[in-house]
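In the two assemblies presented below, chain A is common to both, partnered first by chain B and then by chain C.
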Partner chain A sequence: MSALEEQIRSAARQYLENGDVSVVIGYERGPKGKVRPAFVHQADDAERLVWSPECNLNLVTYLHNYKHSPRRGVPVPRVAVVVRPCDARAVNLLLHEQQIKRENVKVIGVTCAGSEVDGELRQACTVCQERVPVIYDVLVEPEQPVEVPEAQDDYGDVAEMESWTPGERLEYWAKEFDRCIRCYACRQACPGCYCFECVAEQVFPHWTSIALELPEKYFFHVMRAFHLAGRCVGCDACEVVCPMDIPLSKLNRMLAKEVEALFGYHTGDDPETLPPLATFSPEERLRL
Partner chain B sequence: MKVLTQAQLNEWLNHLAERFTLAAPVNVQGKLLYRQVDDSSGIAWGFERTDMSPKTWTFPATEPILIIEQGAETRLDDAPAPAPTVVFGVRPCDARGALAIDALFLDKEPSDGQYARHREATTLIGLACPQMWDSCFCTVVGGAPNSTEGLDLLLTEVDGSDGAAYAVQIISEKGEKLAAGMPGEEKGVSLPKPRLAKGLPTLPASQEWKAQFNETFWKQVTERCLGCRACTFVCPTCRCFDVRDEVVSRQPGRTVLQRLRAWDACTSAPYRRIAGGHNPRPTQHSRLRNRFYCKFMYYPDDFGPLGCVGCGRCIEACPVNIDILEVIAGVEQLAASGSS
Partner chain C sequence: MSENVFQPKIVAFLCNWCSYAGADLAGTSRTQYPPNVRIIRVPCSGRVDPLFALKAFQDGADGVMVLGCHPGDCHYQQGNYFAQRRYALMHRLLEFTGVESERLFVDWISASEGKKFAQVVTDFTERVRALGPVPIKRQTPALQEVSA
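Take a look at the complex of A and B:
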C-alpha cells in the first residue's frame, strides 16, 4: 500500500467514524484488478480504497447524485470525494454554479503526478503544472515531492488543429465521429454536464433527430463542447470513458484556449472568480 | 468436410463481394467494427472480439421503418428493402445473439416487418473462436466458442499445409446455397477443440433472480453506474429502440416523413420517462438492475432465450467497470446463502 493510499483510507475512515459524511467516493479495484469508482459507507470498508495513476475519472461527477434531499425531512447528504487537481477545479465549478454547498462536501485532495490511460501518461498530464488541488479539506501528500514538468505551451497539442482549414477540420471530425455510437458516456462522466434534460434528448422542442448518424453526432459533440466553453476543467474524463476512443479533449481544449485568450479565465482556479459566461463586464465588448 | 486455404477463402469472399453487400470486421481507427468491405483485403484478419457486434447489420442503429407521404391523401410505404447481405466473421456468441432477438421480433406475432426483411436478406458466416478471450463467458449462458447455433455457415481455422486453412460446416439451407461453387477440397479433418475459460460462475435460474430483486446488493452494484448507454449498444442482444416520425421534406401541400427507429437503452434516464414527466424507474439503481433482470429473468420468461450470450463486451465497454460476471456470481452467492 502506498503512502497516498494510506492517507486516503485514514481520511475516509475518520470522516465516516465522526459522522462528517455518509459516503466517501474514491477508487477500488474490481475483480479483474481494474481500478473503478468506489462508494464507501462504513469506516471498516475504507480499506477498499486504492490510489494509482490508473485513477483517471473525475469523481466530482457523482456529487450530482447527492445534491438533493432523498426524502422530505431528510437533510441533503454530506459526501467526501477523492480528487486530483483537475477534478478539484470541477468542485469549484459546481460551487460557482450553485450545484453543491461547500459545507456538504469534504474534499480529499491528492497530490497528483499525472494519470495514465492504458499504461501511458495522459497527454494533458505531460504539460500540466498543477500538483496540489486548489480546494481541499485533507491534502494527501507523497513522501517525496512530485516533480513538475518544465513550463511549456499548454495548448501545444491543439496547435496543429488550429492550422487546419475549416474543411480539414470537418473532415477530421467526420472521421472521428463516424464511429461514435452516441452512448453519451462522455456526457455522463462529465461533472459539467448535468442538465436535467440534455438538448440532444429533449423532445419538446425536438432539436435533433433520434438517429445515431453523423449529423446528429456532430450536433451532439459540438453542442456539448460549446456548452462546456469556460466550464471544462480539462480532466479528459470524457475521452477516457469513450468506448470508441474519440479524442474529445481536443474539442474542449480548443475552446478552453479561446476562453483563456478572450477572458483570461482558467476554469475553477478559485472559488470567487465567476466563469465568463456566468457574468458580464462592459469591458468585454472592447476585447472582442 | 470442405477445407479452404486462405487464398481460396479470399477469392470466394471477393466473389461474394461482387454479388452481395459483404460486411466483415474492419479496423476503423483502432476499433473493430462490422463494416462493408470491397474485398477480402479490407478484413481485419486475426481479430479476436470485435468492439461492436454484427447486430448493426440485422438491427441497424438507425433506420426508417415506414415512409409517410401527406398530401391530398396520406400514403404509407414500406421503408427501402435491405440489400442482400453477407456478414463474414460472425462469432458464435453473436449468432446466438441474433437468435435471441428473433425470439421477440420474429417468433412472436406480430412480427417486426423491417427486422424480418433484414434477417431474410442476411446470411451469417461464422468464424469459430479458438479460445475464450478476456471477459468471455459464452459457456456460462449456454453457448460455446464453436457453437453453430444461428449461423448459416461456420468456418473453423485448422492447420493447413501452407498457412491458415478453414474447415467449412454448412448449417442452414441459406448457407448451403451460398456455399455452392465454393472453392476448396473435401478432406477428413478433425476440428480443434477451443480453449475454455476457467473459474466462471454458474448462472442462477430465473426464479433465483426473482428472489433477490430487493437485495441491497443491487444498490452496491449500481452505485457507480454513470447511466450511459455503452453496455446496451455494444450488446448483441439488447434490442430496445425509440421511434419517431421525422420530416424528410416539406413542400406546399405535400410533406414526406419517415418513421425512424433508433437504438435506445434502458440504462439511460429518459428511456422510461412517460407522458407528464413521471419516470417509473426513477433511480440509476432501478435502471441498471432492470438491464440484468431483463437478460436473466424477464426475457427468458417471456420469450425463451436468455438476453445474454456471454460475449463480454459490456464488461470491456463499461467506463466504470460494472462487470456482469461479478453480478452473476453475486446473485449465485445470494441464492446459495438464501437456500442454505
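Take a look at the complex of A and C:
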C-alpha cells in the first residue's frame, strides 16, 4: 500500500466517521485486479480504496448523480470525490455552471504523476505541467515531490493535422468515425456532458437519426466536441472509455488550443472567470 | 438555371432586424441574385445555434449562411457578439474535421445593404458551386424519412 492510498483512506474514513459526507467516490480493485470506481458508504469500507496510475477515469462525472435531494425532506447528499488535477478543474467547471454547491462536495485532491492507459503514460500526462489540483479540501501528497516534465504542451499533434488538406482530414475522420458504434460511453464518462436530454437522442426536435452512417456519426461527434468547446478539461476520459479507440481527445484538444489562442482561457482554473462562449468583448472582430 | 452545372443548396439564416430587411431591399429594388439560396428568418443571429448549420449539412445543404446585424447594431444588444464567438470556433472545428469551413459563411448585413446582400449571396453560391456537394450529407433527407 502506497503512501497515497494510506492518505486517501484516512481522509475517506474521517469524512465518513464525522458524517461530513454520506459517500466517498474513489477507486477500488475489482475481482480480476482491475481498478474500478468505488462508492464507499461506511467508514470501515474505506480500506477498499486504492490509488494507482491506472486510475484514469474522471470521477467528477458521478457528482451529477448527487445533485438533487433523493426525496422530499431529505437534504442534498454530501459527497467526497477523489480527483486528479485535471478532474479538479472539472469540479470548478461544475461549480461555475451551478451544478454542484461547494459545501456539498469534499474534494480529495491527489498529487498526480500521470495516469496510464493500457500500461502506457497518457500522451497528455507526458507534457502536463499541473501536478497539484487547483481545488481541494484534502491534499494527498507522496513522500517525494512529483517531477514536472520539461516538455510543454505545444499541441504538436493538432498542428500536424491542421497542415493536412481538408480531403486528408475528412478521410482520417471518416475512417475513425466509421468504427463508432454510438454507445455514448464518451458522453457518459464526461463530467461536462450532463444535458437532461442529449441532442443525439432528442426526438423533438429530431436533430439526427440513430443510423450508424457517417453523417450521423459526424454530427454526433462534432456536436459533442462543440458543446465542450471551452468547457473540456482535457481529462481524456472519453477516449479512455471508448471501446472503438476513436481519438476523441484530438477534437477536444484542437478546440482547447483555439480557445486558448483566441480568448486566453483555460478551463476550470478558477470558478469565477466566465467561459469564452458565455461572454464577449465588444471590440473583438474574429476571423469568420 | 442550367441543368449541367452543379446547383448547390444553400440555407441562409437571416436576422429579422437587419439582414432580412436587407434581403427584402434587394428584392424590392429588383437586384438579381442566385435562386439557390433558401432564406430562413430568425429573430437574431444569436438564435442560430451552430448545430443548425450541422443539421443543415446533414440534411443536404451544401452551404450555410448566417447573416446578422453589424456588431453594435444588434436589436438585442449582444446577440451577434455571441454568434461571432460561436462561429469562430465552429469554423475551425469544421475545418479540422475535413469539411471546408468556406461552406459556413457568417457576415453582417444591415437593412440598407440590399446590394451587399445580393453580392454576398452571388459570391457564396459560386464558391460553394466550386467546392461541390457536401461530404457529410445523409442519403435520405430527414423529411422524406418521417413522412414515409
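General observations
Keep in mind that, in the parts below, the second predicted complex is superposed on the first by the 279 of 288 C-alpha atoms of A that agree within 3 Å, B and C clash if a C-alpha of one lies under 4 Å from a C-alpha of the other, contacts with A are read in each partner's own complex, and residues count from 1 in each chain.
One rule holds for everything that comes next: a contact is a pair of C-beta atoms (placed from the backbone, for glycine too) under 8 Å apart; a residue touches a chain by one contact, two chains touch by 3 or more.
Everything quoted here is computed from the prediction, not taken from an experiment.
Of the two partner chains placed by the overlay, neither chain B nor chain C lies in contact with A:G73.
Applying the stated contact rule after C-alpha superposition, one finds that A:P145 touches neither chain B nor chain C. When the two complexes are overlaid on their common chain A, residue A:A185 makes contact with chain B while staying clear of chain C.
Shared-chain residue A:F219: touches chain C; no touch with chain B. In the superposition on chain A, contact of A:P31 is made with chain B only, not with chain C.
Between chain B and chain C, C contacts the larger number of chain A residues. Applying the stated contact rule after C-alpha superposition, one finds that A:S209 touches each of chain B and chain C.
Once both structures are placed on chain A, chain A residues 206, 209, 211, 213 are touched by chain B and, in the other complex, by chain C.
Within the complex, the chain B residues that touch chain A are 28-31, 33, 51-52, 61-62, 135, 220, 223-224, 226-230, 233-234, 242, 244, 246, 260, 262-263, 265, 268, 270, 284, 317, 319-321, 323, 325-326. Across the interface of their complex, chain C is touched by residues 158, 161-162, 166-174, 199, 206-209, 211, 213-216, 218-219, 221-223, 225-226, 229-230, 251, 254-255, 258-259, 262-263, 276-277, 280-282, 284-288 of chain A. On the side of chain C, the complex with chain A involves touching residues 50-51, 54-55, 58, 71-72, 78, 81-82, 84-100, 106-107, 135-139, 142, 145-146. Across the interface of their complex, chain B is touched by residues 30-32, 34-39, 57, 61-62, 65, 175-176, 178-179, 181-185, 187-189, 197, 201, 206, 209-213, 240-241, 243-245 of chain A.
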